[in-house]
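Chain nomenclature is as follows: A, B and C, assigned in order of appearance, with residue numbering initiated at 1 for each chain independently.
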Amino acid sequence: MKKILLSGLLFLSVLSLSACSSTTAPEAANPAVQSKTFTTGAIPDQDPEKLQRLYSKLSKYLEAELKVPVVYKPVTDYTAAVTAFKVGDLDMVWFGGLTGVQARLQVPGAEAIAQRDIDSQFHSVFIANKKSGIQPIQDLKGLTALKGHSFTFGSESSTSGRLMPQYFLQQAGVKLEGDFKGQAGFSKNHDATIELVTAGTYDAGVLNEQVWQKRLKEGKVDLNKVEVIWRSPAFFDYHWVMNPSVKERFGADFPQKVQAALMKLDPKVPEQKEILELFGAAKFVPTKNENYATIEKVGREIGKIK
Amino acid sequence: MTVTPSLKWGLIGLAAIVLSLAQAGLFQQDLFNLNGAPLLWKFIVASVHPDFSPELLQTTFNATLTTLAYAVCGTFFSLILGIIGGVLTSEVWWLSFGQPSRFWLLIRGFLAAPRAIHELIWGLFFVNIWGLDPLTAIVAITIPFGAITAKVFSEILDETPRQPLLILLNSGFSPLTAFFYSLLPQAFLNLLSYTFYRFECSIRSAAVLGIIGAGGLGYEIFLSLQSLRYEQLWTFFYALFILNGLVDLSSAWLRRQLGCSSRLDLNLQQTKKKQAPKDIVRRRYFLLLPVSLALLALCFWVINPDFSKLWALRTQQLLGQFVRSALPPDFSEVPRLIPQAIETVSMSVLAIAFSAFGGLLLAFPAANNFFLPGGLLNSNPGKSANLLPQIMLLLSRAILLMCRAIPAPIWALVVLFVMFPGILPGAIALGLHNLGILGRLMAEVIENQDQRPLEALKAQGTPNSLIFLYGVLPLTMPRFVAYSLYRWEVCMRETVIVGLVGAGGLGRSLTEQLSSFDYRSLIVTLGGFLMLTFLVDWVSATARRSLR
Amino acid sequence: MDLPAPVFELKHVSQQFGQFSALTDISLQIYPGERVALVGSSGAGKSTLLQLLNGTLRSTQGEVWAMGRNLSQLSSKRLRQIQQQIGTIYQQLHLVDNLRVIHNVNAGQLGRWSFLKALTSLIVPLETETAIKALSQVGIAEKVYERTDRLSGGQQQRVAIARVLVQNPIVILADEPIASLDPELSREVMDLLRNLAQQTHRTLIVSLHDVDFARSHCDRIIGLRQGKVLFDAAPHQVSPDLIADLYRLESHR
């Protein structure tokens, strides 16, 4: 018995030693792995499953174009995307207007490099459950019709799902505390907003127009139950932001290379067409930090930027 | 009639619950959102056909392994911290060195702060420095758990009889030798038993940490809940049940082998504990060590945390950046925080009331010594044809397991289907989660209860309902109340994490401040929260002491 | 002679606990008004016998009859009715020690009380006069509203007796009631038990270690040895030799 026990102990200690050595090996290799891999991310504004599909296609494309390994790393919420970008876990992130500004304020030298053709003229749509009795409204002042109904935003840090809608509601004189039935909810993403309003959990909600159009096209929206009541004025939204640290690892011209690769996405090539379609864009266009000054101003007004 | 402590505290408790209900807006606001019921129904229906596709099962397996690994590594480091801290903060350690100083009290006080902050908040803090490295999850578990373990260990050491130690000291042994030869062997079983309990808690915490993106089952559950894919969600749920169930079972089995019957002994006086037979087979200790070492090695290998980050230059830079962005504190939001602080306390009161009540209802059928054949309250002894008690036992244990396995924030997201955001859904979510833990602890109290007074009642022909009223209830109630008060302290810490998913209270402010990167206000909110936690701890400790 | 019907009758009763036989082929009768002492060393089967008599154990073989009923054939409701006529005072203190004395005494009546009455009494104690009367009979009337665990061992033993008084049974069983008391208190408790039995013509069956008390307080002594009846006789018939035989160690045989 003692012998068995002893040999067992010996075996286990060998095992743990080998485990230790195998843990140290990748650790040593870790910085190398990091510097060789270009990590992309995105704010989880839609169904995470759909994001996963979209970004693995994009990663494959970028990998072929840039000749470096590209991975996509999902995060659980908008704030986490900003934090991961700040810490250096993510090299390039598809941010919303507000999160992009928050990220650039925390990472000096970070640059907005590209956006979709639709992002310079972006809209939110307010939607309502048909049973709620809320009628389509004509202008901003009409938002007062939402008083006394339950209402949900998307994520706390969403530009089209919270920041700009809150700004418009404020201008129409609708207060977040007290004017709605119950407290305003945060559904966390645009798909969830559609789902919750369709189900009637909330009478009304607000989301990104592009996601709405796309789900409409896919036939995922039950128009017998939910309808658009108002389309907001235009504002700047989504864009790619690049961490300056990539210049050290991949060369000073790397941001330009990525920008060029994104611009080059061509609707005539079937695989690239799919990527563009998943993004809901005809093409990508260059952008610059200054485009988001209005967003920053509204962000400070609402208190989402300090 | 004089006012007894139990009457006094009973009335205080009742008043607290009524006030909290009023605070929750039970009497004036719209709380329930029945329009969401179909969605809840969809969620429930999905439980019978979870997604068992091979790819998802692969994901589930990996996620389960990650969660387990976080828990194991977290427990390991908190155990190390706990042993060092526990010894250093025990009175008896300083006594054996002949130092009558009150130094240990100072360290004990110092350990109160890390304990008061929930793992998830620690996690959010470390994400800012280390990103989503497994290191973040491990350290987030280690810090609060290490501090709690240190506190409990020091209490165990101080409550262990000291005569053997003093004898050794007086016969000229060095303090260190004396300590290791007398006190530690005596306290060993209690320390070990508590370690197992901590491990059970670590599993639950590891799942919660998934919500900040740390990976594992909690992360997958959160993602599938966001994409409203309930079939997948249930697959992960079932994995979490199995993991929790296995850990609970094996830790209970180990404790039985070692002869300690209770998970968590709150050191109540006046409990005639049935002494478990302590015929410990020595060999089992030897088995325990290599098995846990192997498990530990496996877990480190699975998640592969990057310990170099602990002393990396970048860590210092980011820490400095964080500190600069959090100082000086911004007190401008204090007027808004005060009503939210009251809400938070109300939420914790309602949560614990809910879970104590639910736990009480489920604990009796879940205990194995009452309704089963041969059990005291089994109405037809000798006849085993009646399967109902067995079914009730399994069912109530399954419900308790489900309640505690699912993290409170996930419960909150489910409750928010049918309720408006506010403190009531938060309280219900917290209540559901803690019900599972409290119910299990209560069932254990019942199982360890001295049966002799009850047998005396039965022998004189007392009907079961009255045995319950005059025997079971008065005998078990003091421990139930003590456990509930203890869980209340835990509930208070957890109010933050349901607040993060929109359930109201200070957590809602915290979420806003986090998403605005407003660390100057955040630090004030956290400070206020810390004070509330200490307040609740103090009230709970006072009540427990006077109810002894 | 025309004997009254026995209170208890055992017919070839054996009791096994796994491999261990606690009692082997016991047959005996106990009649109303008798004061019976069970003596024998620890493990001789005294407690087991008492548990069979009050219906908390079911014999593995043979029949136990109490008040004309075969205990193993009763429904649990009928069994409870019989049990209400049997009061048991236990070896260790089987009281609910964080209840007040009044409730522990009232617990003796629970067999007769409705659920609602019992519940009410927990909040506002009912039938306090009966309880106080019983407590003054055992000499601690002033402790009626104390918490039971604040009482000394001897006082707690009296509470247990008061509970049996309130129960007002036909038979009193006592399982080593003086095992943990000093000689003075032992005498007091034994006197109390004897007087109670004599005054109200109750049957008393008490298990004892102390043969002297058995002689002085009982009118029949049953000696148990290794689960068998060694002798069953009146006190004057029990010789010192018999007692020596009773406590003789196994290895001497």
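The rule is simple: a residue touches a chain if its C-beta (ideal position, glycine included) is under 8 Å from a C-beta of that chain, and two chains touch if they have at least 3 such contacts.
Predicted model only: the values in this text are computed from it and were never measured.
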> Among line, ring, star, complete and other, which one matches the pattern of chain touches?
Replying inline: line
>> If I average the C-alpha coordinates per chain and also across every protein chain shown, which chain's average lies closest to the global one?
In response: B
> Taking each chain's centre as the mean position of its Cα atoms, how many Å separate chain B from chain C?
Replying inline: 46
> Where the centres are mean C-alpha positions, what is the separation of chain A from chain B, in Å?
Replying inline: 34
> Measuring from the mean C-alpha position of chain A to the mean C-alpha position of chain C, what distance in angstrom results?
Replying inline: 78
> Considering chain A alone, which of its residues make contact with at least two other chains?
Replying inline: none
> Which residues of chain C touch chain B in the complex?
Replying inline: 54-56, 58, 76, 79-88, 90, 92, 94-99, 103, 107-108, 110-111, 113, 115, 118-119, 122, 149, 167, 169
>> Give the list of chain B residues in touch with chain C in this complex.
In response: 270, 272, 379-382, 452-453, 455-463, 465-466, 469-471, 474-475, 478
>> Under the definition above, what is the set of chain B residues touching chain A in their complex?
In response: 29-31, 33, 35-36, 38-39, 127-132, 211-213, 219, 222-224, 226-229, 286, 290, 293-294, 296-298, 300-301, 304, 306-308, 314, 318, 416-418, 420-422, 502, 504, 511-512, 514-518, 520-521
> In the complex formed with chain B, which residues of chain A make contact?
Replying inline: 5, 8-9, 12-13, 15-16, 19-20, 22-23, 26-27, 30, 44, 47-50, 73-80, 82-84, 86-89, 102, 105-106, 129, 150, 155-157, 181-186, 188-189, 191-192, 195-196, 199-203, 303-306
